[in-house]
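My questions will all concern the structure given below.
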Amino acid sequence: MIEIGRAKRASQVYGFDDIAIVPTRRTRTPEDVKLSWSIDALTFDFPIVAAPMDSVMSPATAIAVGKLGGLGVLNLEGLWTRYEDPEPILAELAEISDAVAATRRLQQVYAEPVKAELITERMRQIRDADVPVAGALSPQLAREFAGVVEKAGVDFFVIRGTTVSAEHVSTAEEPLNLKEFIRKLDVPVIVGGCATYQAGLHLMRTGAAGVLVGFGGAATGRTRNVLGVEVPMASAIADVAAARRDYMDESEGRYVHVIADGALGRSGDIAKAIACGADACMVSTPLARAEEAPGHGWHWGPEAWHATLPRGERVKMGRVGTLEEVLVGPSHTPDGTMNLVGALRKAMATTGYTDVKGFQRVEIVVHS
Amino acid sequence: MIEIGRAKRASQVYGFDDIAIVPTRRTRTPEDVKLSWSIDALTFDFPIVAAPMDSVMSPATAIAVGKLGGLGVLNLEGLWTRYEDPEPILAELAEISDAVAATRRLQQVYAEPVKAELITERMRQIRDADVPVAGALSPQLAREFAGVVEKAGVDFFVIRGTTVSAEHVSTAEEPLNLKEFIRKLDVPVIVGGCATYQAGLHLMRTGAAGVLVGFGGAATGRTRNVLGVEVPMASAIADVAAARRDYMDESEGRYVHVIADGALGRSGDIAKAIACGADACMVSTPLARAEEAPGHGWHWGPEAWHATLPRGERVKMGRVGTLEEVLVGPSHTPDGTMNLVGALRKAMATTGYTDVKGFQRVEIVVHS
Amino acid sequence: MIEIGRAKRASQVYGFDDIAIVPTRRTRTPEDVKLSWSIDALTFDFPIVAAPMDSVMSPATAIAVGKLGGLGVLNLEGLWTRYEDPEPILAELAEISDAVAATRRLQQVYAEPVKAELITERMRQIRDADVPVAGALSPQLAREFAGVVEKAGVDFFVIRGTTVSAEHVSTAEEPLNLKEFIRKLDVPVIVGGCATYQAGLHLMRTGAAGVLVGFGGAATGRTRNVLGVEVPMASAIADVAAARRDYMDESEGRYVHVIADGALGRSGDIAKAIACGADACMVSTPLARAEEAPGHGWHWGPEAWHATLPRGERVKMGRVGTLEEVLVGPSHTPDGTMNLVGALRKAMATTGYTDVKGFQRVEIVVHS
Amino acid sequence: MIEIGRAKRASQVYGFDDIAIVPTRRTRTPEDVKLSWSIDALTFDFPIVAAPMDSVMSPATAIAVGKLGGLGVLNLEGLWTRYEDPEPILAELAEISDAVAATRRLQQVYAEPVKAELITERMRQIRDADVPVAGALSPQLAREFAGVVEKAGVDFFVIRGTTVSAEHVSTAEEPLNLKEFIRKLDVPVIVGGCATYQAGLHLMRTGAAGVLVGFGGAATGRTRNVLGVEVPMASAIADVAAARRDYMDESEGRYVHVIADGALGRSGDIAKAIACGADACMVSTPLARAEEAPGHGWHWGPEAWHATLPRGERVKMGRVGTLEEVLVGPSHTPDGTMNLVGALRKAMATTGYTDVKGFQRVEIVVHS
């Protein structure tokens, strides 16, 4: 513990930029690396989940990610469930370059209510394409629309907020009791974000299949400036990974997946997240650079359109290649924005590991 | 303690940019957060004080802050007490873009003496608006004008300098004896800045109701370059908060408020200041961005116009919205410059706290 | 060890930019400094090896380095062994300024296969100039072309990859058994890169005469962003230097040379590498700035043209002087890009050392 | 001690930018601060010495500094002792904006030999103005011209090089034996730079009246990039100040002045140097900004014109005011470039100190 001043102590924490992975005395052929990821009843070709953000996931791109072997999650409180046809709005937003004007317009377009029938319709679209179906709601709207979602038929139900706790307290209204809520649902739940051992442990005790670690997209989140709240990802993951181990012990064997969700801007960050203990990564920024991304080269998170306290910026990402090239290559840029899966495979081969679980033990270092 | 070299040791200190607030396992509804702040006989809606700086506080904006539920402090050595009508001067200064020319012009306009009758008049204006009245003097002029101020009738008397000590030593003239001075005054005194446990403790022993921690506005102060003097705010607050606790013990129960005064450029910094132990925050930079701010989008502190050793720069802040939007929202920028009160409320709710006193115990971390 | 989070620990590591060399109480005349470097049967005038990169080493520049007293290594998988006349390709590449277009073109031109007869021809050219002959292959192609290289007659055989381990595991094909491979070769082998004590020790046990520490050129490598893998050079060298000492003990006296290979952009970095324990430095970036450099003022490494996962950027270096001026002076720029040998000599004289082995013990400090 | 890697350890060191001065519980009136500095037989009004650099000190500016109460040192190997009239050369250099062209031209104009009769003449000029006379030579030329200097009559003899040791070893020529050399001289000697306890202690044992700590002007020195050699100033001073204390003990009372020489770009750095233990500061960068500075707004050190290994850059400083304004004010810029003496006085008053010796004990902190 560090003494900030006589009345306050703090621990030192680390982000992905502070750490690096170290090769061992062994190397492997990339072809020998197994990247498959099994959670609940499903198995994916690689441990990368596409984040439920409107600039990244449309029904079409969620299907495309599924076809490539991954899991795409649709935001069920986004433009696709507020508007019958959000395409003109997305096109209009892409034309606004002024930051303040963009925030104001986002606040306006997201003021339109979410519609239950559009949730049903979007889920159906994805299911019809024969890929795993997953939709995300915030804790605020989870109760209202959970029935609709369940009825629509999903493989995963994601509850995702800036900070989600197992113990939300409110005097005005009955808060969402996560444990009860999850028990009643028929589908596996992934819930977060959280950033500490305690918060992670309590979320695991709700019965969730996976826990999101982090506060969502780094490039688009400004929680640090607005709220002063932040936990760098490397430390957050390493803490929640310890909660996974301890919870497995206390639950006599239930393995809750730790899914990194934030600051994953480059393929190297994905490797680092797993090296810190993550089982999988929920990725947004790199996918926002795909040609098919609904954001037209722009990227924003749900914090960007808060009515009275927006906490995220819309960021121009540009475009580097197709969704397929971004996810599984081939890459034509040497900066970690393309071939995310190939890069993870290569990082594991270079350091001598053949599976994700083993790679969680790879040696890391802190550099200045 | 760190060894700088064989003959010198130092302790490590931290600023707001070095730390972050960590969520706990509990969250709350923002509506349940109580932000009210009571000091001496008065209670304010939120623990934010507008700093006595000419670019921020005019009689009009002091009144506006009061109407919104906060406390605005007028600089009683500023342009409003040197000139009958300072508006043309403020407008003229806003037209000067060259930094050196601006410093020279500031040195000139502040060479005009402070006038007792203008102090009386400005205080009357604010009192007539039926909001709490507070005026600030430097230690140098405190004795000369204290009688005028007291007679004018104020709710708070603020003594504010770059560094104010309880023990000022001078061979040439009798220095201000703070303890005696405060005892004789009929109104509660807020005094500072200070930055260490010892200095804070000694200021508390003078009988002050509140102690300012820090050296005023970070964006406008260059004390570090000119004097080499600086104490990053997180450590300064955590040290003086310890003095508050120890003084409360030695005084058998007197609670002296610790008011952060410096480096509070974003709403997240306000949350961090309280997380380090502050009871309230004296804010300037964000208010300088208000449309009503007398600085016309520019910001400067009292160090900027020192006759022979100016130590602060006039800084262009731009304008983001009305004073009301800056203080209580709604915000249309995601960077921590608007809705300061809403952001503090959200930071506390996100981490599960309902009052400022409790939030002083929230967990913080140090990041690189 | 540092705790990243409850489930992960890491050690702190340092790069050249984090450290500096400290003068002692003694100084020396530069003329008294002996820089000669002996490895296997050969002795060079200074411990600087030119890296096998196409932007730096052509047969002509390899010869020039040899004539100046150093060792130039030709890349035997580069443009000179893929094309009869690579000059038009080099000229064409120099005209492409767009980064993505350059990566795509590099991927194309390096798709041309390596030709055994060109390896023979290039080695002959260099040998005919009566300078030491050295060629480099990757571990992937080492077995295929080793016979050709050996037959062509070389003084040093360099096996160089991003990460080379003594224990490469593959299920699909029989991997290169380095120990056996080196024992069968008739020429001394320099092998790397590696970055840790364990990896270095295992490479030393293969029978290599020298071990490369690092992952090649820093300016051109983006392994960190793409794979998350990185070991800052100062720590990597100091670790592998410890392996040299321990291996010397276990082998009863075999001294394996530790050759720094990466992040050596300025002459000061070369001095720091030796101060951390290196016996010699494999240099690329400064040589890419020579007028004769085949890259026409551009610089790239083998990672830049990987077909599916390029991990290095082509970087514009500009040109500062002749190869002779860059290596042995005189210098006309004060930034560490010219007179590498003179700078090393001066660094050693200033701190009172007369030979490289002694200078490995010079005091260093860590600064922020 | 920090472990860089298994084979190397290092200590952590600090520069002025890493530290800050902390106010105490006491403040003082600036008028009560005594800045006078006595060394050997002379007393100066303030502990600031103007550095012997051609861009800063001409006979005219050395005289001006003396008239203002300080000590100006003329470089006796500079343009004023190589040329009868260096003004046209200085004017010509000021017209060259290209960095490489400037280095080459500096190498040319400094190739002209130093002339004994010009040394005599320049010293006479300064003595005639009735101010203290001081001239500087490098260790290389000290023996050759010492007789001339002594005969010319100086109050201080300065021997200044990048790194000066008490024990210079050379096989080719008899090196300068500092101890013997200083004993034979009739005038007090100030010698340096050094940067460590050991080097400082050994220089003190030579009989010097003052020891320079540091490697000269930071803005103009690139020793770090070229040689890899650097010791941040705060640690260097704190180390050599310990040597002063220990040497005073072993010599039974001889007090050798520790004079900071390097990285003193702002007035705050001067305060920090004293806070770390310096008795005085040799300043160059701020003086290069004076209107009278011979460098015409440019600044360079002796390393800039080395014939084969230049290690310093000529830097454009611009001009902020008269030499008097820079040294003793009044200031019209808030950035620490003017009124160096007033700023030091204010720093000491703000922290409650009345003399330089006491201020060496002021509390400092390390910040990130």
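Letters A, B, C and D mark the chains in the order given here, with residues in each chain numbered from 1 onward.
We adopt the following convention: a contact is a pair of C-beta atoms (placed from the backbone, for glycine too) under 8 Å apart; a residue touches a chain by one contact, two chains touch by 3 or more.
As the structure is a computational prediction, the values presented were derived from the model and not from experiment.
Peer 1: Mind listing the chains that sit against chain B and also against chain C?
Peer 2: A, D
Peer 1: Just tell me the minimum hop count from chain A to chain C, counting one hop per pair of touching chains.
Peer 2: Tracing touching chains, the least step count from chain A to chain C comes to 1.
Peer 1: More than half overlap in residue numbers between the two sides of the chain B-chain D interface, or less? Answer same or different.
Peer 2: different
Peer 1: Select the chain at the greatest separation from chain D, using centres from the mean of Cα atoms.
Peer 2: A
Peer 1: So the centre of each chain is just the mean of its C-alpha atoms; given that, what is the distance between chain A and chain D in Å?
Peer 2: Chain centroid spacing, chain A to chain D, equals 56 Å.
Peer 1: So what's the Cα centroid distance for chain A and chain B, whole Å?
Peer 2: For chain A versus chain B, the centre distance works out to 40 Å.
Peer 1: Got the chain D residues that touch at least 2 other chains?
Peer 2: Correct list: 12-14, 235, 368.
Peer 1: Would you identify the shape of the chain contact graph, picking one of line, ring, star, complete or other?
Peer 2: Looks like a ring, each chain touching just two neighbours.
Peer 1: Can you give me every chain pair that touches, using the contact definition above?
Peer 2: Pairs flagged as touching, ordered by label: A-B, A-C, B-D, C-D.
Peer 1: Note which residues of chain D are touching chain C in the complex, please.
Peer 2: Per the stated touch rule, the residues are 2, 4-8, 10-15, 18, 99-100, 103-104, 107, 162-173, 175, 194-196, 198-199, 201-202, 222, 224-232, 235, 303-304, 307-313, 368.
Peer 1: Going by the contact rule set out above, which residues of chain B touch chain A in the complex?
Peer 2: 12-14, 16, 19-29, 31-32, 197, 234-243, 245, 266-272, 275-277, 329-336, 339, 342-343, 346-347, 350-352, 363-368
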